[in-house]
Structure formats: C-alpha cells, structure tokens
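The next block holds one structure in the form of structure tokens; read it before the comments.
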Amino acid sequence: MNLRIVTGLAGCALLIALPLFFGGYAIRLATLTIMWVGLATCWNLLSGYARYIDFGSVVYFGIGSYVAFLVMVRLEQSFWVALLFAAVLSGLIALIIGLPTLRLKGAYFAIATFAFAEAMKQVVLEWDNLTGISVFGGSHGVTFPINTSSEFFYYVFLALTTGILAATILTERSAFGYALKAIAQDEDAAEGVGVNTARTKVQAYAIGAGFLGMFGAAESYWLTYITPSSVFDVHITIQMVIMTLLGGMGTVLGPAIGATFLYLVSEMLWARFLYVYMALVGLIIIGVILFMPRGIVGSLRGRFLTPHREA
Amino acid sequence: MALLLEVRKVTCRFGALEALSEVEFQLQEGEILGIIGPNGAGKTTLFNVITGSIGPSSGEVIFEGRKITGKRPYRICRLGIARTSQIARPFPGLTVLENVLIASAYGKGLSLERARSEAREILTSVGLAAAADVTPTAISLASRRRLELARALATGPRALLLDENMAGLTSGEIEEMLELLKGLRDRGISLVVVEHIIKAVMGISDRIMVLDHGHKIAEGKPQEVASDPHVVEAYLGRQYA
Amino acid sequence: MSLTFQALINGILLGGVYALYSAGFCLIFGVMGVVNIAHGELVMLGAFTTYWLFILGHVDPLISLPISFALLFCFGYVLQRLLINRVVGAPPIMSYILTFGIHLVIANVALLAWTADFRTFAVPWAGTGLAWGSLVIPKARLVTFVLAGLVVGLLYFLLSRTRAGRAIRATAQDWEMARLVGINVKAVYALTFALGAGVTGVAGSMISTFFVIHPQMGLQYTIVAFCVAVLGGMGYLPGALLGGLLLGVVESLCAALLSPGLSVAVTFFILFLVLLMRPRGLLGRGMLE
C-alpha cells in the first residue's frame, strides 16, 4: 500500500473514533468544520474544475432544507426519507435550471445563479402570504422534530462529506475530470475533441446540487429551526467560494484545507471581533488573488511537487 | 473510391458580409483535397460550418450519407470528422499526454486506460513521445502543431480538416509534416488541407479547390488550377491575368 | 388609479437613482471588463461623505456633491493603480473575487469606524414635494433624476468628444493596439475607474438625502447596478438609463400592486430571463465577455 492510502485510512479511523474521546464543544466544532469542508467541496466540483463560478449555490442548500421540513413535518416521514428527497429534488431542479443557465459564461453565469437563488428565497418567504396556502411558514420560520444526539449529526455530516470527497476523487481520476478541466481551459476546443460540454457541465452542477441539498436537510434538522433568510443566506455561498479559492480551485484537497483553515480562524475571531474578522478575510482574498492566484494547494504543487509542469 | 464528405451549396452570412456563397465540394475516401485562397476567402468559416461550430445560413453538409448540419460539434467529432485550428490551442493546464488522452476518451469513446495507451501510441507516431508529461506551454511551435494533429487523430477521424497547420514552420519541419500527412492518407484517413504555403499544398493534394471572397472560383488537379486565369487574378491582381 | 400613477412616478424617480449609480459600474465594465463587486461601497462612501459634511459642518448636500466626487475620484484612482490594474486581462473571475475582497475590507472597516447604526438626516429643502392633485413628487429624488440624465450625458460627451475620452474608447476596444499607438493603458484604466468612482460617489451623496444609510448598504447597490447593467446591456452607457428606469418602474409597480417582498423576486426573475434570452441587454448593444 502506498503512503497516501495509509494516511487516508488512518485519518478516516481517527475521524470515526473522534466522538468516543471528545464531546460537547469539540464535537460541535468538528461537525461544523466537516460540514464546511463538504460544502466547499460541493462548490468546487463545477466551479473549481470547470471554472463556472456559481454565486447561487446556497439555493440547493435552502431547497434541501425546506424539502426536509416538508417530508419530516408535513408528511411525517423519517430523516432518511427526507435526505433522499432532498438529494433527488435538488439534483432535479439543478438539471432544469442548469441546462439553460450553463450556456452563460463568466460573470453572466455568476449573476444568473445569484439571481435565481435570491428569487427562490423571496418565493419561499412570500408563498404563504400570497397564495394563502400555508406551506413554508414565511418569515416566521419553521421547526423540526428535536434530535439531541450530537454524535448522530457528526456521523451524518462525516458521511456526506466523505461522499462528496469520494465523488471528487473519482472525478479527478476519470475522463469526466479531464473533460471538466478542458472546459475550464477552452470550451470550444473541448467540444471539438468530442466532449459533450453541455452535458458534462450539467452533470457536475447536479451532483454538487444533490449533495448541497442533503447538507441543507441535515443542517436544518440539527438546528431544528430555519427561516428562508437563514438557509438561503448568500453568505453561505460566499464562504464556499472563499474557502475553495483560498485552498485551491480544481484540486481535491484545496477546498478541504481552505475550509478547515477559514472555519477555525472564524471560530476564534468571529464571536468577539466580527468586523475585524470580515476585514481580515477581505485582506486574505486580496492577498491570495495578487500573490497566489492558484490557492494554497495550487501554489505548493507548483513549487514543490511537479516543477516540470511549470512553463 | 467512395464519397465520404459532401458540402452542398453552403452559404454563410454575418450581417451584410457573405463569408461563403453556395460553396460546394466533395471529398472521396483516401483523398487529399487542398483548399487555397487569399486571406478572408472563407476557408476557416468553411471548416467551422463542417465541424458544426457555426450553422450555415443555407445549404447542408453530408457525411457518409448522413446530413450533419445542425448537429453539435462534439457529435460531428464522434461521427468521424476532426480538425486542427489555425492557432494551435492545446489545453494549457493539462499535460501533452492528457491533451491527447481526452480526445481518445471522448472523441473515440474509449475507457480511460485504453485511451491512455492509445494516446501514447499516437504521440509516438507523431514524434512527441518524449514530451508526454510536460505542459504544452513548454514545447516548441512545431511540436505544438504536432500535438494539435495528435489530438485530432486521437478522436479516430475518417476525415481530417487541417487549418494552416504548417504556418510558421521551417522548410525542414514542413517536409516532415508533409510526410506525416501522406502516412495518414495511406492509413485511409481523408484530408482537407487549408494552407497558405502553395508549394506544400500543390505537392501533396490530389485535387485543389480555390476560394475567393466566399466563392469557389476553381477546382481541379493542381496543375490545372495553377494555370487557371481566375486563380492568378485572385492572387496577383488583374494586371497579371 | 392614482395609486398606480403614483407608483409609476415613484418608479421612474427610483429608476433615476438606479441609473445614476449604475453609470459608473457600466463605464468600468465597458472599458476594462471588470465586474466591480465593491461598487456599492463607493455609493456608501459617497453617502457618508455627504452625511458627515452635513452633520459636522452643516454643508448643504448639493454643495458637497463636488467634494464627494473629488474624494471618490482620488480613492478610485489609487484603488485601480494599486490593486485592480494587476488583474486586468487576467481571467474575469480574478477581477470579481479581488473586488469582492475589496468590498469586504471597505465595508467592515467602515463598520468599525462608524458602527452598524442606520443613519438619516433632514435636508432643509428636500422635505417637501411638488404636489399635483393627489400625486406627489419628492424634490430630492427629482434632483437625482435630473442629475442621472446629466451625468450619463456628460460621460457620453466626455467619451465621444474629448482627447481623454478618445483614449479611453480606444483602450476599451483594443488595449494592445492602444498601447502600440502610445496610450498609457494603465493610466487610462486608472482614470476610467476614478471617473466611475467619482460619479458613483455623487450618486451616494444624493441617496443619503432620502434613503437610510449604513456601512453595510453596499452589496445591495452592487446587485442592483448589475441588474441595471444587464438589462441595458453590459458596458453600454445609455443602457444604464433604460435599465435603471425599467427596473425602478417594475419594482415600484410590483410593490404597489402585488407585494413588496415579491418585487425582489420579480426583479430577479426578470434579470434571470434577460440573461438567458438577451444576454446583450434589451437593446442588444452590450458586450459579452
């Protein structure tokens, strides 16, 4: 076995055993870190590899949250059924929205996805008022059945994050991954060597969306109380973008490293110095763009691992 | 010889400009067709129409008896038409091998493993095996042109469209490229060669077609075309005709 | 009926506000291809300039307009020279992530300096409106509306008739060519950004006279500016007027006839549809990346 697999397995064993040794705050911190690693990894699949910058990813997180609410509370089904529905519905909506939207390029794609996410938030907010049919609970928010087991959520998020990481590793090792990278570099040329670019992009978008839906469902059940503003919050998207950018777009480990770093820093600074923290994040972003535009992983790789790849 | 590719009365307008007007030609199996013409004659536009990256205003393209106009570029590629671009545009972030591999995986529909070994073979056949693991930014212009060719070949084409893939090469490099192209023809791939270097096209082509301002002004064997007064006029101006 | 009429008037006036602060955004995109996510912060800085001048020095907002323009002009110039010039020509994602970083820094430093309080002040002359039957036209907004037309006209004139304007247009069309004929491209970019920032500062100043201002107001203005630019055609200046008016009217009518919350949803759905169907803007004059 090579070193990478050994470290990987050891890491997994450690993560699985973690709740046996720690409790309370440490588990909460670990759960949230793992969740952010997962969210950033979802964003990375399309936006990192194919460079279609999605500024509305949170919409699938929000859709997953409200689907979970409808399934668990209105239909009184179990969390697992809710998770399944969240994944399927988010993925399906992503297919429908992705097909036309992914024809747009650059900032136009970014802003279209952003617009869609904001529009969906408003629709969920206003639905009950406008139609008179009580479905989403409007701005008052809705509550979930209570589950106080912090281990339960730890393992749910661990499984989800492992899932999207595995999907990313598979992508990286398959023709699909090469196709996404080719799209990022020259979409017309990719189409010219036989890549069905439209389909490739939509696939990556829908896989990411399906996972985001499950993350939304799990987080909402954990928090037990959600509002449209909390689960469709644009700052969730922004965090995913910054974490991925910081760690390195289009790499397996980049988003994980960026998310862990940024989440832990924010946990230390956030509560006491929110504005200082946000300004600091801004400075980090400016620094990353100007001095290491390929992120932590990209810069390290360029410098130490495969120098012959540098032109 | 059987008919492989047929372009029927293709017209292409961009606003007021008519880049192609009712251009027609046929390509037989195992044939090399040269297309020449001054700048702006519509050669690249013609390739874009055949490979599906732009739709013609009217007319159609038939490949192996099937109409392919209106199909997306990746489908046309998979049916068996590949092209190289005027400006070599490899994927700069992938290695030379990966550039070719993606073409055999998608254009030819091979599994990743088979695509990888086939990509190596193709790189060897164009003389790029040593450069497999570097990025295309690190290799010379002549090598980039070979890479472009390798990538097109990896899609498993029956017809290959070459857009000025000898521009900027030294005469030695041109000789090598011509040998390479003849080898491809002998393997049963039909070629359409757009080229500015008249001598190179004349030597290699079975037939020549001349385009000027979007019109086909001559077609025939190389020697016939070279002595056609219309062609001389298009190239050198009226006083020489 | 008069409710609809009043909503229409409000919408047109609101559209003027939108157009005024979107013109700079349009100019910057048109020349450099930079989507400036820190655009709303320029509005915010302009608004706070006028606010503090009024609170501390009792300077009439109309008099503070040139001051606001000058300050933001300088700020924009420095910003472009120090930071943004480095990503012009890089993949577009670089420019919007960089400007997003700038947005975070400005907004949060402003929060530290001025707290998150919502602020307003009463301009002596702006309290009344012109009444016409049951319809009311607020003065400050009318002034803004006129200013919007003036600014867009002036920018248009500047670009088409002056030497600096010609340099800017030449650079916008082909910066490599512009450099070859002796234009200092970096200086032109800095000048463009400075102009865009200055105009946006003026917009912020006017906004402070009738809207609540606070350090975090920026992002929503950036979003609207983007909508306006997309509707009118990215980078096409007169389009900013059209886009602004359209957005203002739609929003105002929606709020009056349907529900205020829904006007945001409708706005975004319109934006989404325009992007999909007419990515060059309603007039088809904008440019694509």
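By letter and in written order, the chains are A, B and C; residue numbering begins at 1 in each of them.
Definition applied: contacts are C-beta pairs under 8 Å (C-beta built on N, C-alpha and C of every residue); 3 or more make two chains touch, one makes a residue touch a chain.
The structure presented is a predicted model; accordingly, all values stated were derived computationally and were not measured.
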item: Mutual neighbours - chains that touch chain A and chain B alike; value: none
item: Most distant chain from chain A, judged by the mean position of its C-alpha atoms; value: B
item: Chains linked by the largest number of contacting C-beta pairs; value: A-C
item: Mean-CA-position distance for chain B and chain A (Å); value: 43
item: Between chain C and chain A, distance of the C-alpha-averaged centres to the nearest whole Å; value: 32
item: Chain B and chain C: spacing of chain centres that average the CA atoms, whole Å; value: 48
item: Parts of chain A lying in touch with chain C, wherever the complex brings them together; value: 51, 53, 100-101, 103-108, 110-112, 114-116, 118-119, 122-123, 125-126, 129-130, 238, 241, 245, 275-276, 278-279, 281-286, 289-290, 293
item: For the chain A and chain B complex, residues of the former touching the latter; value: 173-175, 178-179, 181-182, 184-186, 188-198, 308-311
item: Of chain B, residues touching chain A in the complex; value: 51, 53, 72-74, 77-78, 82-83, 85, 89-95, 98, 101-103, 105-109, 112, 115, 133-135, 137-138, 151-152, 154-155
item: For the chain C and chain A complex, residues of the former touching the latter; value: 35, 83, 86-87, 90-94, 96-98, 100-109, 111-112, 223, 226-227, 230, 258-259, 261-262, 264-265, 268-269, 271-272, 275-276, 279, 288-289
